[in-house]
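Shared chain: chain A. Partners: chain B in the first complex, chain C in the second.
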Partner chain A sequence: MMGKKTLTFMLMDAPFENARTTTALRLIDIAARRGYDINVFAYEGAVYLPLAAQARHANAVHGTDAAEEDHPLPREWVAAVMQEAARNGGKLDWVNCGLCVDERGANEAIAGVRRGSPADFWKMAGASDNVLVIPTR
Partner chain B sequence: MADYILIESRDPFDSAEVGRFLDLAEGLAKEGGEVALFLVQNAVMAARHGAKAAALAALAANGVKVLADSFSLQERGISPNGLTAGIAVAPLSAVIDYMATGRRALWH
Partner chain C sequence: MKVLNIVETAYRATLEEQDDPVVWILHAMKGAGADHSVVLSGNAVNYAVMAQGVPPLMFGDKVQKHAPHIAEQVAGLIAKGVQVMVVRECLAARGIDEEELMDGLALVKQAALPKVMNGYDQVWHW
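Take a look at the complex of A and B:
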């Protein structure tokens, strides 16, 4: 069993668009289950991942209402990995790039998300055992 | 010499950049570092036996540990028994294992 680690991830993809988001959150979940301390710096479209306003919707093509459609919401995934980290003795520090938030009007994030700048990513990286950047391209 | 975990997420039939990423893996291995290449998402398509996967097989033969994400294989209906020789199936947690040991991690 390895000791407690600190890992930092930079995410850039907006939600609902690419499998990279799912894979990134799977990786973060694995680290959370190990009780690692995790930093996430959400850059560009990734600041929408914890957007509090995400909502389930009906799907007229499928003929389903919102409950039947049961659309997955990334904000719930983000909250879940935060809770998983805490449950296992770790913590997840999620920082949304402030300029990216302002550009997109994505201010209303779920609890536990804070605003920062790329300088925070630099600090996180310097204080971590390892870093993974998951770019859009 | 640093050791590396390279994560390939793209299908080589969709992105010509994959070849350059595999070249990087080969070059890093030749420099003497331990190199693992983890295939995830559509990158596992090239791991199928019979696919155009000569580059992956060559990497495996030249000391690069080539792994294919079990979940990505399952999603795409690819049997673990149907992979090119030299490519092993692994869970995504292998990436976190490598990161925890300090390997330099690169995503493509």
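Take a look at the complex of A and C:
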């Protein structure tokens, strides 16, 4: 019987620097669409992914104003996958590593993000069907 | 000051930035008067391939409508007078034929790179 899956992702990369974050969020989005329960432990620079202060800007090289540019904001992507999970009967528990937040001053996260520690990741991993670690390279 | 930019890391944050950040900053610096050239090596040789596309990006209900057009960005540098070179061996290793590339590029052999570098005041490796 195919029961409801629980998946845990460990993310480590800061936004806007490589493709790994986008790939991770694509995988999380698929899991959300399937109604899985998803845990994300954001470690090191990944705590910036749900930073509430992320803002759009104009882009002179593209010749666009802020509205036309519609610059991607990972905080919106995180919120979108949280909503998608809830819509499909699952949940996305996003935990920002507290010490990583402190050393970066990245305290202001979007709603639904909570502060935690590596112990949370350990517990999440133990309670999951599978775990995917996507570290910084 | 003449600067040679060797771009080797490819598709770095291109979906989040809606462009390649290195190609973007080369455009911006060119606008500020920079005199620079580009060598595409490693996986970045694919930036010279015209027939590349990006599938739609969507998370939940959030849709990103402006996919990056990397080849157009590189072609834009050429149009602004930036010399763009591509390492021949890196193309061959990835099975990319010359016919797949945009116009205006110069193909350079790996062994010729030291001589190319000597023509610049600085070399920046991205």
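As a working rule, the second predicted complex is superposed on the first by the 136 of 137 C-alpha atoms of A that agree within 3 Å, B and C clash if a C-alpha of one lies under 4 Å from a C-alpha of the other, contacts with A are read in each partner's own complex, and residues count from 1 in each chain.
The rule is simple: a contact is a pair of C-beta atoms (placed from the backbone, for glycine too) under 8 Å apart; a residue touches a chain by one contact, two chains touch by 3 or more.
All figures in this text were calculated on a predicted structure; none of them were measured in a lab.
> Regarding the shared-chain residue A:131, is it in contact with chain B (first), chain C (second), both, or neither?
In the superposition, A:131 touches chain B alone.
> Given the superposition on chain A, which partner contacts more residues in chain A: chain B or chain C?
Tallying touched residues of chain A, the top partner is C.
> Per the contact definition in the header, classify A:27: touching chain B only (first), chain C only (second), both, or neither.
A:27: touches chain B, not chain C.
> Per the contact definition in the header, classify A:75: touching chain B only (first), chain C only (second), both, or neither.
neither
> Looking at A:16, would you say it contacts chain B, chain C, both, or neither? Reply first, second, both or neither.
Touch partner of A:16: chain C, not chain B.
> Would you check which partner chain A:84 touches, where first means chain B only, second means chain C only, and both and neither mean what they say?
So A:84 only meets chain C here.
> Contact-wise, after the overlay, does A:62 reach chain B, chain C, both or neither (first, second, both, neither)?
A:62: touches chain C, not chain B.
> Which parts of chain A are touched by chain B and by chain C alike?
Residues 19, 26, which sit in both footprints.
> Within the complex, which stretch of chain B touches chain A?
My answer: residues 7, 9, 40-42, 71, 92-93, 95-96, 99-103, 105, 107.
> List the residues on chain A that touch chain C in their complex, please.
Residues 15-19, 21-22, 25-26, 29, 32, 59-62, 69-72, 74, 76-77, 79-84, 87 of chain A touch chain C in their complex.
> Using the touch rule from the top, collect the residues of chain C that touch chain A in their complex.
11-19, 21, 24, 27-28, 31, 57-62, 64-66
> Using the touch definition up top, name the residues of chain A that touch chain B in the complex.
Counting only chain A, the residues touching chain B are 2, 5, 7, 19-20, 23, 26-27, 30-31, 34, 36, 129-135.
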